[in-house]
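Heads up, the next two complexes both have subunit A, just with different partners, subunit B and then subunit C.
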Partner chain A sequence: MKEAAARAPLTAQNYKSGYKPIWCPGCGDYSVLSSVTKALAMVQVPPEDVVVVSGIGCSSRIPAYTTCYGFHGVHGRALAAATGLKVARPDLTVLVAGGDGDGYSIGGNHFLHACRRNVDLTYIVMDNHVYGMTKGQPSPTTEPDWDSKLSPGGTGVRSFHPLVIALASGANFVARAFSGDPNGTAAIIAQAIRHPGFSFVEVLSPCVTFRPDQREWKEMAHPAPVTATDDPARAARRIMTDDGFNIGVLYAGKRKPYAAVTGKPRATVADLEAEFEQ
Partner chain B sequence: MSPKTRTTSAAKAKTAQSAPTMRTKPKGAKQAASPAKPPRAARAAGKAPRTLDEFMREALVMEIDAAQRYTEFADAMETHNNLEVAALFRKMAGIEGKHAEQIMAEMGWTAMPPPAAGASWAGFEAPETAPGDEVHYLMQPYHALELALANEQRAERFFARLARAATTTTVRKAARELQEEEREHVELVRAWMKKVPKPDADWANDPDPPAYTD
Partner chain C sequence: MHARTSSRRQAQRAAASISIALAGSGGSGVMTAGTLLLNAAAKAGLYGLMVRTSGPQIRGGEAAALVRLGEAPTHGLDDRFDLLLAIDWQNVHRFADEIPLAATSVIVGDSDGGDAPDVFRGSGARYFPVPFKKTAKGIAGSWANMVALGVAGALAGISADVLTGVLRDTWKRSADALEANFAAIRAGVAAAAAIEGMPSLAARRKAASRRWFISGNEAAGYGAIRGGVRFVAAYPITPATEMLEWMAPALARVGGTLLQAEDELASINMIIGASYGGVPSLTATAGPGLALMIEGIGLAVGAEVPVVVVDVMRGGPSTGIPAKSEQSDLALAVNGLSGDAPRLVLAPTSIADCLATTQWAVELAEALQAPAIVLSDQFMGQSRAIIDRPADVACLGKRLTAAASAADYKRYRDTESGISPMAIPGTPGVAYTADGLEHTEAGIPSSQSRDHATQLDKRLRKLARHDYGRFWADIEGDGDGAVITFGSTTAAVREAVARAADAGVGVQLIALRLLAPAQPERFAAALDGVTQVLVVEQNHGAQLYRYLRSMYDLPGKPQSLHRPGPLPLRPGELADAILAWRRG
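Let's turn to the complex of A and B:
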């Protein structure tokens, strides 16, 4: 990450593109977009040194709304693309964004291994517990008893717990934020960007169209009563026993980020071919 | 809208150039609905800034955040082809933005000052910021004004509380002045609301709703 250059300080406005979001009015993702731009202004990385990579879904439209480089990629594969990019271009600040369906269902396997690899990425998941773009199907984080026409009586399936999964898989920074707290979310994202290794920020971002019940989240979210720990066991206990609405950095670890192997290859292609010919 | 000043006498005294700036009034408006309960997050508030500088930095954040939220609403309404409400939100954003500029000028700030260490308001967002989820793609100007009214009322209550909690005369006086200004905004928004039609009971009915599965 390149820190502030000798030019006028960048503001959040410098990271906003001229494209207007097409999210539903009232969607939490508007605030998350605002938080991302504010966070980038906090760390003062020039837009041309930032890449926002996303998958598919409402929230994955976010790269177009920034002035950074962007890659609106394949469903569930944002982390794979971002990992390759960061390893090839470690000088860039790489943010990955998406939703709970994209990241925890079709992209669930990539999520586990991105945490495990600990490449220096910041992964922001806008979690609304539903597939909004495709009209309201239950997602991995949907409550088992959420009743709708598409899931009569609820799915009866236990919800995915992304924070503890991330922690157990090796993520070096785990936080929960809330779109109703845009300034606090910006501060958490900025901290995530600065923290080395794989940083995971789960943002509770209500879907007012398919989950109007989530309007209650603003009454339920509250700052975490304790500061971040670097002890994964303690963090796991906190995350597993909290009410799901603790907002803040819950774990900030000390794992060394993945570093790409550098140096000259020990064998040429010709050497390898020669081995096959033997 | 009638032009009004929004300048605390203390702030005027602080800067040499402080000719009172004229501000166009009506800041926001908000939801007629009953004021939202404060989130659990912030019930602790009860403090007040100790210096005028801290106080005005908080006031600046309030204006900037309010303007930004109105801009988001305006963009969303434009995208959903609700142009009349979009124009109204855009206007509110402009007004709040001018208020922010005026505070900067009054305080002699040429760049955004660092935020005060800890806000005095309860909840995650500043009192004048409209909750992000209190909009609807079919909303009408009356609803937008209801929203603005609630924002102004929250701001008035906020400054009233700060005036009570202030530990210095300067801050108390400034808070009283801004409270009075917010009260005037409340009256202005109410006057606006009398000029726009009240929505029918079925205003949100959409024959082709996005949530057709429910």
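Let's turn to the complex of A and C:
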């Protein structure tokens, strides 16, 4: 990551594009967008050196709402695209953003392997426990008894626990944030960007349209009572036993980030021919 | 049947090429022996190729190295094998169709291994037992496959010194064991003296320059690097894996990198991400992987990100026949995307051509900001050939990028050529969001019909207007009939066309290198004066025939000759078909 040197300090405003989001009034994602731009201003990395990569869903619309480079790909594959980009271009700061359906359902396998691989990415999931763009179907984080047209009476399937899965899979930084606290979320995202390796930030971001009950989250969210640990076993115990609304950095590990087998060329293209010659 | 002990030496038949099948159970060392035989043939100034075929087992199944050697470059297999040498007969009968023999052929088997299976003996070929295992046992530290190498090498007219020389060059074990295997090779050479009936190759030309010893997978990998690829993400799959295994260290040497992805969905999206970042990128896979990548390839079309996907085709559908060849992914490659999605589809016409075609695919993808699918196949990919060093090809295309702070920059600007400058992350003042959603010229998602029509036209136009030059097809020969083919089948068709010409029937050969976008004007020019066409391909559904009929005006009553893999189409049957077709 390059720090801006000669220019005036960048503000959150420098990272906001003029495009009007498609989100519903009251959507938590507005606040997450604001937190992302604030976090980038904290880190002071120029917008042209940042790429925001996303998949498909309401929250995945976020790249174009920033002045950074953006990549709005296909459903569930944001982490794969971001991994290729960051490994090929380690000089860039790469943020990945999306929702719970995109990241934990269709993209679930990439989530596991992105955590394992520990490429220096920051993954922000705006989790609202619902598919909003397709108008209200249960996602992996939806409660089993949540009634919907597609799954009347509920799915009957237990909810996915993204934080503990991330930890178990090797993510180097695990945090929970709440869109109702934009400054706190900004600080967590900035810390995630600065932390080497794969940083995972799960942001509880209510869907006011399909999950109006999530307005209650404001009452439920609370700061984590203890500071981050670098001990995964300890972090796992805390995450497994907390109430799901424990906000803060829950784990900040020391794993070495993915090191691509690359570097300065040691041979020319023509040198490679030698092995074919008789 | 036992060897005739007659001391009467038959006059050796002279041949332009000889074909040798080395077979045995997996792990018996036939692939090693075959590779060394081909290597030795190269040292002896011959051309040739070795095709690998094996059952599905990793160890213990049946395996065969199908070697053809000749004085001229040879890219395909012949009609019959002159020699079948089996180290053991365990399951080798499963190759009955893949190793056709003639009454003039020679079978060599282990003297303690029982008789040759009826499926081979039925040809009337003469059988000669050689004590491979007993000989190897008698020379401590030696292997039966080296005795077999001695026999096969000697029957191919290659000296013991050349055979032992290639073993020395590749040896990685103790010096004692090397000496033991030299003795095994010499024992094999001595045993070959009692074997009669093999044709001999005429005097060979001295190679003017150093020849190459290369597989299609390696050639494709090297072509990719020549074209500028510096990032590869891929998931292991037969028969593409060797291309990736060759590329991993090669990329590292030239400052690139290869990443093993968790699946093919990840591979394609990883290379799209890397290419979006400005680094030419590629993945390699086979049919099942290509099927998984289709959605991602569509993203590369819509977001206009150059990527190359090499599909080393194998038998399909589904998991199909993983280690054997078939040309049955053509329909998927030319049609298999959602929406109207112009893409590039290319096919190398030989093992050597895997290099140039893959390089061209990279340069076309880069220049046209579009995905390119390269249809190689198991026959070319896993075969190893002795070839002349391929000519250097001048760079045929580069990516058009946007300058910093370019005025009124729009990523998907509707230009005349259809190609618009691509901003590379890190470039200030031109940041944009690449999108698989339909978009405006500026890249903002749009569902308006006007934007959709503009961008559809732009993406079609950039591929349609490009001048693909003379590389689009190999066109050879003369006649009012034309045989149209693609990929590895080209070798057999080329040979068949030559045989038909020898029989007095001239036909044209058109081997398509660029399958999509279709080239109606060039095609019409190539068919000027042609009244009949025959389409030859290795699949069950006549995919090329149907594709050509949908894209081009074909004269007369177009004929189709198609057969599924894994049996290769052979030059003799194709020559017969051409003669029957032309003589009506």
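In this section, the second predicted complex is superposed on the first by the 261 of 278 C-alpha atoms of A that agree within 3 Å, B and C clash if a C-alpha of one lies under 4 Å from a C-alpha of the other, contacts with A are read in each partner's own complex, and residues count from 1 in each chain.
Here, a contact is a pair of C-beta atoms (placed from the backbone, for glycine too) under 8 Å apart; a residue touches a chain by one contact, two chains touch by 3 or more.
Values in this document were obtained by computation on a predicted structure and should not be read as measured data.
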Touched partner set for A:Val269, first subunit B, second subunit C, both or neither: second
Touching partner for A:Phe178 - first (subunit B), second (subunit C), both, neither: first
First, second, both or neither for A:Ala88, with subunit B first and subunit C second: second
Which of subunit B and subunit C A:Thr209 touches, first, second, both or neither: first
Subunit A residues touched by each partner, larger count belonging to subunit B or subunit C: C
Touched partner set for A:Gln278, first subunit B, second subunit C, both or neither: second
Partner chain(s) touched by A:Pro138 [first = subunit B, second = subunit C, both, neither]: neither
Partner chain in contact with A:Asn109 - subunit B first, subunit C second, else both or neither: second
Contact residues common to both interfaces of subunit A (with subunit B and with subunit C): none
Residue numbers on subunit C that touch subunit A, as the complex places them: 39, 42-43, 207, 210-214, 218, 222, 225-226, 230-231, 233, 248, 250-259, 261-263, 265-267, 269-279, 281, 295-296, 298-299, 303, 386, 389, 423, 425-437, 443-445
Touch list for subunit B against partner subunit A, complex: 36-37, 39-41, 65, 68, 72-73, 75-80, 111-112, 124-125, 131-137, 139, 210-214
Subunit A residues within the subunit C interface of the complex: 19, 46-49, 51-53, 61, 63-64, 67-74, 76-77, 80-89, 91-92, 109-110, 112-113, 260-269, 271-273, 276-278
Complex contacts: residues of subunit A adjacent to subunit B: 9, 11, 20-26, 28, 30-31, 34, 135-136, 148-150, 178-184, 206, 208-210, 215, 218-223, 247
